[in-house]
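Look at the two complexes coming up: chain A is in both, with chain B in one and chain C in the other.
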Partner chain A sequence: MNLREGRVGNGECVFTLVISLCMSGLFVFESIDAYTHGNSTYISLPIACILAFSVFAVGIFAMTRSRSSDLCAMCSYALGKTGAAVVCVFIIVIILACISTLLNKFLNVMYSYFFQDASYYSLAAFFLAVLVVFSCMGFETVNRAAKVLGVVFLATHILLLVNSFSSYETYKIYPIAGDGMKSMLRFAFESGILFLPGFVSALITAKGMHGTHNTSRIAVKALIFTVIICTVTQLLLALSYPYDDIAKLYMPLYRMSMVTGEENFLVRLDKISAFIWVAAALLACSYYIYSASLLYCRSFRQVDIRPASCSLSVIVIMLCLLSHSEKRGAFSWLNFVGDYGTLLLAVPIIAVSVIAIIKSCIQRSSLGEVGHANI
Partner chain B sequence: MQIFKRIKKPVCFLLILVNTLSLCSCLGAVSLEKYGYVLTIGLDTGKRYKYSISFLMENEVEESEQKTASKINIITAEGDNIYDAIYIAESGLPYRLNFSRTNYIVISYEIAANDEIMELFSTSWAMLKLRTSANMIVANATASEFIEGLNYSSSVNATKLESNLIDFYENEGLSSMMSITSFMSAIESSRYDAVLPLGGTDTSVDSPPEKDSDTTEGSERKGGMISYTLGAALFSDSVLCGVLSGRENQILLLIQGKLKGSVIQFTRADGTKYSVRIGNAELPRIKVDLSGDKIRLHYSLLVSAVLEQDNSSKVVEKMRKEGKLTEDMDMQIREFLHSACKTVFEQCRDVGCDAAGVGKSVCKEFKTVKEWEEFDFRSRLSDVECDFDIRIELADIYVSTYPE
Partner chain C sequence: MNKFFRKIAFYFRFDNSATNNFELLETEFGEPSKSADEDSGKQYNPKDDTADTLFYEADKNIDRIKTAFRTDISKDLVVRDFMLCGRIHATLAFINGMADNEIVNNYILRDGMNGEIPEGTEDLCKYAVEHIFTVNDMSIACDYDTVRKALPDGKTIIFIDGDPHCCIADTRKFPQRSVEAAENEKGVLGPREAFIENIRTNISLIRRHVHTDDLVCEMRPMGEETSTAVGILYRDKVASESLVNEVKRKLATIKTGSVLSTGIINQMAEPKPFSPIPQTLLTEKPDRCASYLLDGHVVILCDGSPLAAILPVTLFSLMSTPEDSYSRQVTGTVLRIIRYIGALISIILPGIFIAIVMYHHGFLSSEMLSTLITSRKMVFIPIGIELLLLLFVFQLVREAGMRVPGTVGQAIGIIGGLVLGQAVVSANLASSVVLILVALTGLGTFCIPDYSTQISSVYLRIIFMIAGWMGGFLGLGCAWLIFTAYICTLKSFGVPFLTPYAPKSKSKRMNVLRGPINNKTHKEDYMQ
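Up next is the complex of A and B:
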């Protein structure tokens, strides 16, 4: 068996989850969708994160009850091997769509702001190499790299937010309620797909995280950190740009260091931050590809993860290239996942979890009857 | 041996780190001489093409026994957009234009008044690698005349020029200051309007003035640069709609809460004179009343006053003992400021410029975006009424007293 699982400590896992969740939560959504009718993302995104965590909580509870080591084992327990394979493929497809959306964002930034003379395809090729190497090297490598990168990521992020201090003005956050409670909750629900891949990946790699109990502890810590980082960042963004201004920016965080208009030695922090974000995004995508590959290997009893990792990495890059060339099919499918992804990913997991819980309850009660009969 | 085993990993790690330093080189190295650094960009209406764009360059260095001087030259090219002008300019130059050191963008009055700024600014400034902290100036003539007037004696230190503008704005408040970032933000946000420094040319610095405009805001001046910045250009959205003098700009900064110091001289009833340096002691407190047909604002300004000059030593002694201004001085300064604030506010409002940033306060009264957008603040700007409540506190006394 060469599934490259390994075991890592809690710190590494927390860093991996936090980086993955923050990269999705801060960068994936389109500004025009999030901000056109007011800016209340500092309320919607934490709600979305908690919503995604609640799906995770149902899954981890079901895994504990059914004594399954990971998501694939739980699906097999609930639906049998064939049913599990179908559900797992469906989950993999949705995760791949989420990965390509995240990767596409950074490919566009690299292409538009940094390497205007390079072609989109060459940039994608560089990304492909990184994804293949990291996802093939496995769980331990990704997590240990995340621990090293996580410190740099947090430090740069804090520096960026502090450096833009002079641009924060309270009038920019008004009207405070954005477009009203209904719109806020709808966006929160739709944004659940930003955080679901991270929590689902934690369910898939629960074995490497030392079991379900430890995985839930790691996820809680990651949730707290992610909620704090996303809320503070979105709040400070709202204090930097009025809603009609920020709706027109492709990646507002990237422009944040220049919004001050005052020159200091950190004025080009945008470029440094962007490279750290790219590294973090690649790490997050590698983790998602690894977990999707692991789910595939477990479902179809593959003994080596590397062919699956390579194939899924190529598929992700192809999706990015197709959406860049605005091929109608790929584009609309990715948009569909963006709009309804929360339902598409949450419903199968909740359904399988409920079936597993019911089955385990039935089994326990029948074992209990047998025990009484024996007495 | 055990020591070597222990330090092996850290040493290897250090070696890898040090060796990676050699990988940190430019992929496309370009010699400095291949670039010509543009210090200032000037935007005018062209004769053959839509725009005439001037580039103030600083790229040649002459060395002599006594001094090292930088030569400047001005290159002008026409085009329908800035890229066309750059290509035409570069076709006759031995280097490429580089905008990473550009400090100013000077816009001619005609372009600013004809709403052509946004068409020019719709270019991708990121492609030019222009610093977003570059300041903008509206020239009360053509931009090329203003740029030519920056040529002062035998050397131009453009960095000092920029710091002078900043000092002038911060210490005296006679000129405004706004970067590209702030200008674009003002247009996009619709909660306040841009106020840019107003530049002018005084051709009489070396010869007697032939007409009124050959002065520095009505005052004769000899020596120094032909070009100067004094006062402000008011914008309504992206269109130039009015101007303020230097003194009026100081009052506008006071209303905005940004005035650090401005010296005003007063004469008492008994004929003695005194000068105070006034500035904002804190940000203005603004109350908004939307209950009627009009938007009513109540400004509370706390102004700090530093007594800089007073001909009456008795009054100075009294103020030193009591730690506050005398009643008549307090009333005189308050009345002056009240009248000046109201005049400047209404002047800006009447030309359609929200220079005071009224929109920033009004938008806080709305809970949802729908309510704010339905209110349509911009169309109601002319209905804004404002009153000022000014309090003066004596901050310090720096006087040389004269015997009465």
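Up next is the complex of A and C:
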């Protein structure tokens, strides 16, 4: 089998997961949805992350109970091969939709802020090259690159937040809980789809992460770091802009740095950080594409991951480009995924996990009865 | 052409092997890779070829040697008949100028003629070696191939009538230069001596630093025509057995006619010879070799070459110098950081400049922008071509300076730098800003300690320049990501290239920041 899982350590996996979760959590959602009724994203995003983690926890518990090495094995155990294939394809489609949303965001950023004279196609070609290379080179490469570049991402992010220190004013944060608990929880629930692909990818690549126990440890560490980063970033954003101003901004973090940064030698930090975010987003997307390819290969017994990786990379880029073309109406299902994605991704995983747990309990009890009968 | 297509097909095939790479056991959850080559890490078994035996008659053996060495044309071979112990006919042969005449005269001929040998002795060669000849290094051979290789090596062959064996005496004495200071790896602190072309002397220089009894030196003849002595040095039970076996296996696959230098072995033994990043470290300093040997690395020496190949290596090995260890901790750390910044400048600065000038003017302040515009006002060449041209001129000056000996070579550098640079600016072929950039890039290149990595940086920066030219910071960022992916995947004889950072290991070996030198008795865990 040429599935390119390699051998990776805990630290590398944590970096990959944190980068993937943070990129989705900080940049994918639309400002108008998040901030129109007050800014409570510093509360709702951590709740969304914990919600996504709980789905992961159910899945990993079921995998441990059923002694499955990864998500595909658990689906096969619970539903049989055909059923597993159907569920896996569904999960892959949802993950692809999430990847295209993330990638589309940065494609728009590149086009709008830096390369107005270029076309979407030429910009997407650069993205495609990176996605193909990373997803084909495999899990080991993605994780090690995440560890190498993760420090740069984190340092730039901290520098950006510190550089905007002069713009933080507490009155801008009001109303503190946004429009109320109901809308906050609703947004938290809808934002679960931002973090679910990362945790689901961890379930898919659990074998490469050296087992379910190790994967759960990695996910817990990633959860802690992601919650801290997302909470702090959204809080500082809320301190920089009142909610009605921030709702009009396409990329609030970028604009925050651009407008409120101190006049010092770091005055161009907004542009540098934009490109660093693009690199992080490409890394995150590569990880998702790799995990989707791995799920496909395991479901359909493919021996080599490279055809699947290349194909899925191209599909993702096509989804991004087609949403900018005349046929964008045909891809309104992407908006549907954005609105109901939490349910679409969480329900199959929870259902399969429950079936797997029940099946394993039945098997264990029947083995226990046989044991008693033998005595 | 067929080989090319087979290579392409190999890369795209969908069967079991992921890569043809050998993998060492890793520290975190390691088990031997199932994707490695079938033969990887297997025990090396040298070919035992004793089929072509010698004759009982010494004259027949000598006639065969004379025919092979063309004594009718070449008068290098010296043949001397003598009576061993006054009664048994024997003949010795050696190559004129390669054997020590004093040893031949005093310890073979004189002792051989004056010795005594009992009647009825069957193993004449064995008896002669043990009781008659007083040369310290002697062996007995029974096959023609060993004799054929020993003569050009400077050894003396003695054939005795009535014995199908021959005695081989180590009488080597070549003119050679003395141990001098290293030319290419200069340092302020630490030892200055460097390897020379004699492998025996080089091994002794290493043994002066490594006083352990587990230091093993396995000699292999390599090259069908040159039979060059190649030494594989490692510490038994310290170096990984899989690594040593893999190195021997790789060397055994080298079937070339001539091996004249460590560089040739390097190219043929490296896992990825076409990689821009070297996977072995070539050094001319014995103390550096000793340091890596103590950690469990393997060193390859080649007779006739003043360079040793250390493997496996990581990025941090290629970027460190022995000077870092001999300096104080803070000094060593600062020097390293400067070196890494220099290397980064060398590779990426031209690309950043092109990207800013062509796509991202907003990065520059208005003063800098006006300076740039003013300096390029009269230059008619596009900025990308201008930068490429100046980088090319810089390489020309560098190559010319290396080929021209002594102080004239230094003068070439000054002439090229000052006069040519000034002339180019005056002729409006280039701007002063670009000239400064090229100079900075060149200085950054020289910060890289390893010569092979320096050369790699030359074409890596061209790639980044083209990426910046095509896509600005987006193109540059994507190229950087792809390059990072490549070095994350790269392995040097089973050890990932970014060890001990990614993957993490418990290594206390100094990386970017130089740690304190503690009481360290354990060897690197990623070398186990």
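By our rule, the second predicted complex is superposed on the first by the 368 of 375 C-alpha atoms of A that agree within 3 Å, B and C clash if a C-alpha of one lies under 4 Å from a C-alpha of the other, contacts with A are read in each partner's own complex, and residues count from 1 in each chain.
Quick note on the criterion: contacts are C-beta pairs under 8 Å (C-beta built on N, C-alpha and C of every residue); 3 or more make two chains touch, one makes a residue touch a chain.
All figures in this text were calculated on a predicted structure; none of them were measured in a lab.
K.L.:
Kindly say whether there is room for both chain B and chain C on chain A in the superposition, answering fit or clash.
P.N.:
With chain A as the common anchor, chain B and chain C collide in the superposed model.
K.L.:
Check whether A:175 is in contact with chain B, with chain C, with both or with neither, and answer first, second, both or neither.
P.N.:
The answer is first: A:175 touches chain B but not chain C.
K.L.:
Taking the superposition as given, does A:155 touch the first partner, chain B, the second, chain C, both, or neither?
P.N.:
In the superposition, A:155 touches no partner, neither chain B nor chain C.
K.L.:
According to the stated criteria, A:144 is in contact with first (chain B), second (chain C), both, or neither; which is it?
P.N.:
second
K.L.:
Answer with first, second, both or neither: which of chain B and chain C does A:271 touch in the superposed model?
P.N.:
second
K.L.:
Applying the touch criterion given at the start, work out whether A:242 contacts chain B, chain C, both or neither, answering first, second, both or neither.
P.N.:
Touch status of A:242: first partner only.
K.L.:
Is the number of chain A residues in contact higher for chain B or for chain C?
P.N.:
Touched residues of chain A are more numerous for C.
K.L.:
Which partner chains sit in contact with A:32 here, chain B, chain C, both or neither? Use first/second/both/neither.
P.N.:
After superposition on chain A, A:32 lies in contact with neither partner.
K.L.:
Figure out whether A:89 sits in contact with chain B (first) or chain C (second), or with both, or with neither.
P.N.:
Neither partner.
K.L.:
I'd like to know which partner A:123 touches here: chain B for first, chain C for second, both or neither.
P.N.:
The answer is second: A:123 touches chain C but not chain B.
K.L.:
Going by the overlay, flag which of 133-141, 259-267, 331-339 or 349-357 in chain C ends up clashing with chain B.
P.N.:
Between chain C and chain B, the clashing stretch is 349-357.
K.L.:
Per the contact definition, I'd like the list of chain C residues that touch chain A in the complex.
P.N.:
Touching chain A: residues 12, 14-18, 26, 28-30, 33, 35, 359-360, 362-363, 471-475, 477-478, 480-482, 484-485, 488-489, 496, 498, 501-504 of chain C.
K.L.:
Considering only the defined contacts, which chain A positions touch chain B in the complex?
P.N.:
37-38, 113, 116, 169-172, 174-180, 241-245, 248, 258-263, 267
K.L.:
Using the touch rule from the top, collect the residues of chain A that touch chain C in their complex.
P.N.:
So the residues of chain A in touch with chain C come to 1-4, 7-12, 110, 114-115, 123, 126-127, 129-130, 133-134, 137-138, 140-141, 143-145, 147-149, 210, 214, 268, 271, 275-276, 278-279, 282-283, 303-304, 306-307.
K.L.:
Would you tell me which residues of chain B are touching chain A in their complex?
P.N.:
126-127, 131-133, 179-182, 185, 188-191, 357, 360-361, 363-364, 366-372
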